[in-house]
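Look for subunit A in each of the two complexes below; its partner is subunit B in the first and subunit C in the second.
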Partner chain A sequence: MSQGKSKDVISITVEFSGGLEMLFSNQRKHILSIPTKDESGEASNVAFLVRYLCEDVMQDNRRELFVLDDTVRPGILVLINDADWQLEGEDKYEIQGGDNIHFLSTLHGG
Partner chain B sequence: MPPSLCALCKTSRAFILRPKDHQKLCKPCFISVFETEIHHTITSNNLFHRGERIAIGASGGKDSTVLASVLKTLNERYNYGVELILLSIDEGIKGYRDDSLETVKRNAKQYDMPLMIVGYDELYGWTMDQVVEQVGKKGNCTYCGVFRRQALDRGAAKLGVKHVVTGHNADDVAETVLMNLLRGDLPRLSRTTSIVTSTPSAVSSPDSPSHTNIKRSKPLKYAYEKEIVLYAYHKSLDYFSTECIYSPEAFRGSARALIKNLERVRPSAILDIVRSGEDMARLVPGGNEACSNGCSGQTALPEEEEGGCGSSNGRSAGGEMASMEHQLAQNDIATEVGLEIEITSSSLNGQQSGKKKDPDAVQLVNGKKGRRLKGPAQTPRKTARQTMGQCKRCGYLSSQEICKACVLLEGLNKNRPKNNIEVSSYAPEQEHGHMNNATNAMQKLQLGVD
Partner chain C sequence: MALSLPIESTIKSLRYQIASCEAQLQDLRHQLADAENRAHWHTIPFESLSHDMIGGVPGDIQTEFLAVLSQNGERRRYAKAWPLEKHEYKRYGRQLIMPEVGLQGQLRLKTSSVLVVGVGGLGCPAAAYLAGAGVGKIGLVDGDTVEESNLHRQILHSTGRVGMTKVESATVSLTQLNPTGEYLAYSSRLTPDTAIEIFQSYDLILDCTDNPASRYLISDTCVLLGKPLVSASALRTEGQLMVLNSPPRPPGDILGGPCYRCIFPKPPPAESVVSCGDGGILGPVVGVMGVLQALEAIKIITRGIQHPDLICHIDIDKPRFQTNNEMPPNPPEPPSLLLFSAYSNPPFRSIRLRSRKSKCASCSAQAIVTREALTSGSLDYVQFCGIVSPVEALSVSERISVDNYARIRTGTNPITGTEARSDSHTLIDVREKVQFDLCNLEGSINIPFSVVSRTSVFVKGNSAKDVGEEEWVTKMRGLPEKKPIFVICRLGNDSQLAVGKMKELGLDCGGRRWVGDVKGGLKAWRDYVDPEFPEY
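This part shows the complex of A and B:
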C-alpha cells in the first residue's frame, strides 16, 4: 500500500495510548516519515495514515482492534495536534509535516 | 479548515467536541464544565453528606483515577467536607495487578489521599493464585466473581467506611441497560440504573459498620467515557490501561461495540439509553428491588457492571457486588420489603434536567424510590434484615445460612478440588470474557506450561 520509500515524505509523530500501544510494539510514540501522497496521488490524509500504520507499522496481526470497516475502530479517539479529529475533518484531514496524530483508546481497563 | 473557537469563552481555540451536545470547547472550559456536571450529579442526588468518609474504589484505571481527581477537586472547591480514601483490592494474581497497584500508589501521593490495599488473602485467606492452584483452570471464575463481589464491601468495612464510590460511567450504564434489555431482564435493568445502591442492613445498623451496610454510588454515571478519557488526557492524569482486550465474542463486548458504534453515528445515544433505562426502571413492577427470575447466580456478577477488563477492581468490585446475594434474597422475601434501597424516580427527574433539584432525592437512606425518605424510618429495614438474614459465618447479606463466598471458602479449606456451585443460567464464558482473559493470562503466569 505504501508507495515504497519515495523521497517525498513528511515527518510526523504518531502516538498510541490507552492500551493501543500494545499493538504497536508497546511503543507509545513513533516518529514516522510517511509519503506526502497516497496511493492515488492525493495528499495523504488520516485515512491513508491509518492504512499505512496497518501495513507498515503494526506488528500485531489483530488489526481489527485498531481498524473496523476501513476506519478507526469506534471507541478509539483520534487527536490531531490535541484537537478532536471531528473538529478537523476526521479521516479527510490532510496531514501536514510536524503533525502529532494521537490514537487514544477508551476501550481498555477501568 | 480554520480552527473553531470555544463555544463558552469564545476566545480560545476549541479542542474538544462534546458527545452529548456537540458543543466545541477549549481545554480549560471543558475541564471546568466536566467538573461542574459531576458536582451537579453529586448535589442533585445528595450523594454525599458532610463529615462522611468515602472510599473510592481505585483500580488505577482511567475511571477511578478521574473519579479520585475530580472528587478531590470538588471537595476542595465546594467544601463538601467529606474525607476521601482510596481503596484497592489485590486479588493476589502475581504479575497481574502490580502495575495498576503501583499506579494507585502514585495516585495516593498525587491526590494526597490515604490508600488502603486489601488483599484476597486478608479477606478470604486465599489469593487467587492459590485458588487457581487448587481448583485448576475451570471454575476459578466462580471464585473470583464471588470474592470480588464482596471485596470492596469487606475492604470498606475494614476501614470503617460506609460509602464506596465507583467509577462507573455513562457508557457502562448504557451497556448494562442494553444487555439487560437484550436478555429481557427488566428487573435487573431497573436495578442497575440506580445511581445509589445499598442494602437493608445499611439502615438497620448504622453504627456498627459491617460489610453488609455499605452504600455504593456512581458519581460518573452521566459522564461519557470519551470525556473521562479526555479529562484524564488534558489534565495529564496518571492512569493505567490494562493489557487485556475485549473479547469480541463476549456478549458484553458486543453490547459495548454496539454502544460505541451508535455513539459515532449519534453521540447523544449513550445518555439517551441511560435515561431510557431510568424511565423503564420506573415502569418495572416492584422495579428497583425485585429481581424475581433466574438472575441469581453467576450472571448477576458485578462484571456486568464493569464494562472494563476484569482488572479494574474499582469498577468491578464496586458495581453491584452484592447483587447475587440480593437476588437470592429477593427470591425469598416479599416485594414490599425494600431490598435494595435505591434512588430512582425522584432523583432521576432531578438528574434529567440536570438543574432541577428534588428535595426528596436525598441520599440513600430508606424507602423505595425516595418517597419515604423524609424520616429515618428504619423499622422496615429491621424486618428486612431478619427476613433475609446474614451469613452465619461472615455476616454478609445472604438469603442462605452461609453465603456463597463462605461456601466456596469452606470447599477450598476442605481441600476439595472443585466446588460445585454452578450458579449460572446464562453461559458464564460468554459474559466473562474479560475475566476469562484475565484468569487465563493469570493461569499462564501461574501454571506455566503443562
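This part shows the complex of A and C:
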C-alpha cells in the first residue's frame, strides 16, 4: 500500500454478497487497509469507504450497479458489524479497526 | 395448411378432454376430502361431539342433543369432549408433545389461516410444511402454470402436472398430504385492486414472490390490514428472510415491527434485479428459505397472533382444557434479517434490523400508502419499481437474422453463389462460460459478457490497477480484418451491448470490419433454425 506507515491505515473486513461480489473480482471477503483519514483529513467514515471501494478496489466498469447519487444504490443494505447501518449512523459511521462492513444486494428470486 | 387441419383438431379435442378430466378429478378430490371428513365425523366417539358443537349451537340445545345421543348411561360416565379429533392427536403427535406447540399451539394452528403468495420455490415447501403442521386454512396465490424447469425446486408440482395452474397443482399435493386442511386457490397474479380483499380473510401472509413490485404491494397491504408478514427470497446459492410488521400494529404505532418500506424505502434499479431464470437457483437453497418461512409462521401462530385493533388472541380466549405444558407468552423477536449462503462459512448469519422508520411511506403516522390509494389504483407498483425495456441498442445494419446467419454458416450464398465456410467469419458467444460449456455453436469463441462489460474503454492514468489492455481485446484485434464478427448470446440482449462495447474499443477497425449481433440469440436459433439445439 502506498499509504506507508501502518499507523496511518486501519485494517477492516469488507464483504460483498447477493451478487455484488461479481463487481469485486468475484471475491466475497476482502481484508483491506484503508486510510484512517479521508481526503479532507476527517476520520474515515462509510461514505469515504464507498468512494475508496469505487476508486481502488472495484475492477468492474459498471459503477452504477454499486453507487447512485454518491451513495450506495437502492437495494443494497449496508451492514456494520452485523447490524443495519441505519442503526449506526449510516454513511457517517466512523470506521474502527477490525470492523466488518458488509454490502448486501437484496435478492428477489423465489 | 388444409392437410394439417384434422391433426390440429385432434390435438385440440384431446387437450379439451384432458382439461375436462382434470377438472373432474379435481372436483372428485374435493368431494373425497369432504367425504373423508364427514366419515371421520361419524366414526369418532359421540363424546367428542360436545366439542364439535361448541360455537355454532346454543348450550341448551347442545345438552339436549347430547342427551338424545347418549342413551346409554354407562357410556355417559366417560363422556368427555376432547379438544382435538382423535386422528389429530395421532397426526400431530410428534409436535404436540413439544412445549413449543402443545395443545394450545395445535388449536391455534387449526384455527389459523395463512396466505401463501407465490407457489414456486419458496411457496411450495412453505405451504407443504404449513399443511403438514395442521394450519386450518391455506390460501395460494399465483398466476403461473407449472413448467418443466420449475420441478427441481417447486416440490408440490409434478411431471404429470406440467401445464396445470400452479395453485391447482399445489392444491392436489396439499390435499394428499393433509386432507383435513382447507385450501383456497387464487389463480391470478396479485394486483392492488384484489390484494385487500384476498388478504382480509387470513391471519398471516407469506411473501414467496419473485419481484420487487409484488414485495412492496404485499408489505403495504399487510400494514393496512394489520397482518404479520414473513418475507423471503433466494437466488443462486443465497437466501434472505425477514419477519415484517410483527407485531402488526397500526401505522404510526412505533411498537409495531418494521415493514418492507422501512428497510427498503426505494426499489432497486430494474436492471439490477436478477431472476432465477437468468441467474440460476439451487433447489435446496430456495427450499431452505421456504421451510424457514413455514417455521417462522408456526412460531408466530403458536405464540398467538395479536390483532392490532383488538389486542386479543385470535382464537380461544382461554383454553377450556387445562394444559400442563402451557408456554409463558413469548415476546416477539426483535427485527432481524437472516442471511443464508450455502457456500460460505458459517452458512447462516443474523443481522439486526432497524425498527419502524418515522417517515415510512407505509407504516408511519405520515403514511401516504392508504387503503384508498391502494384500491383506487393511484399506486402503480410496476412503474414504481420500473421495467427493463428490451434492448434496442443497434441499428438494422448492425444486426443479422438467424435465417441469414444460418445461410452464412451452411449452404450456398444466394447472392455470390459461393459455398459457405464456417471460417468465413468469427462467431463470438458472450454467454457466461458455464452456459457456453452446456451447448454452443461449432466454431464459436466464448468471451463472457461479464468480462466484456467490465472492460474499461478509456485507459486511465498511471494507477496501479492499469495493467494494460484485457487479453480478449488484444486477441480480437489480432483477427483478420476482412472477416466479419458476429456476436451471439442467449436471448439477444447482451449481444447488442457487447457489439456496442466492441465498437467503443475500436474492434471494428474504424468501420473496415463488420461487427454485429445475431438477432434473438440462441433462442431464435432454436426456434427458427435448429430445433435440436438444447433449451435450458
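As a convention for this text, the second predicted complex is superposed on the first by the 99 of 110 C-alpha atoms of A that agree within 3 Å, B and C clash if a C-alpha of one lies under 4 Å from a C-alpha of the other, contacts with A are read in each partner's own complex, and residues count from 1 in each chain.
In this text, a residue touches a chain if its C-beta (ideal position, glycine included) is under 8 Å from a C-beta of that chain, and two chains touch if they have at least 3 such contacts.
Bear in mind the structure is a predicted one, so any value in this text is a computation, not a measurement.
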**Request:** State whether subunit B and subunit C clash or fit side by side on subunit A once the two structures are superposed.
**Result:** clash
**Asked** Just subunit B (first), just subunit C (second), both, or neither: which does A:8 touch?
**Response** neither
**Prompt:** Taking the superposition as given, does A:74 touch the first partner, subunit B, the second, subunit C, both, or neither?
**Reply:** both
**Request:** Would you check which partner chain A:84 touches, where first means subunit B only, second means subunit C only, and both and neither mean what they say?
**Result:** both
**Prompt:** Of the two partner chains, subunit B (first) and subunit C (second), which one does A:60 touch, if any: first, second, both, or neither?
**Reply:** second
**Request:** Counting touched residues of subunit A, say whether subunit B or subunit C comes out ahead.
**Result:** C
**Request:** Give one of first, second, both or neither to describe whether A:22 is in contact with subunit B, with subunit C, with both, or with none.
**Result:** both
**Request:** Pick one for A:104: touches subunit B only (first), subunit C only (second), both, or neither.
**Result:** both
**Item:** Among 291-299, 309-317, 327-335 or 381-389 on subunit B, the segment whose C-alpha atoms clash with subunit C after superposition
**Value:** 309-317
**Prompt:** Once the two structures are fitted together, what part of subunit A is touched by subunit B and by subunit C alike?
**Reply:** 17-19, 22, 62, 64-65, 73-75, 77, 79, 82-84, 86-87, 104-110
**Sites on subunit A touched by subunit B in the complex** = 17-19, 22, 62, 64-65, 73-75, 77, 79, 82-84, 86-89, 104-110
**Message:** Per the contact definition, I'd like the list of subunit A residues that touch subunit C in the complex.
**Reply:** 2, 17-19, 22-23, 28, 56, 59-62, 64-65, 68, 73-77, 79, 82-84, 86-87, 104-110
**Fill in**
subunit A partner, complex, touching residues on subunit B are 1, 3-4, 13-17, 24, 59, 61-64, 100, 167, 171-172, 225-226, 228-230, 233, 240-246, 248, 256-257, 260-261, 263-264, 306-309, 311-312, 314-316
**Request:** Sort out for me which residues of subunit C touch subunit A in the complex.
**Result:** 118, 120-123, 208-212, 215, 232-236, 238-240, 263-269, 272-276, 279, 281, 286, 337, 339, 341, 344, 349-354, 357, 450, 453-457, 464-465
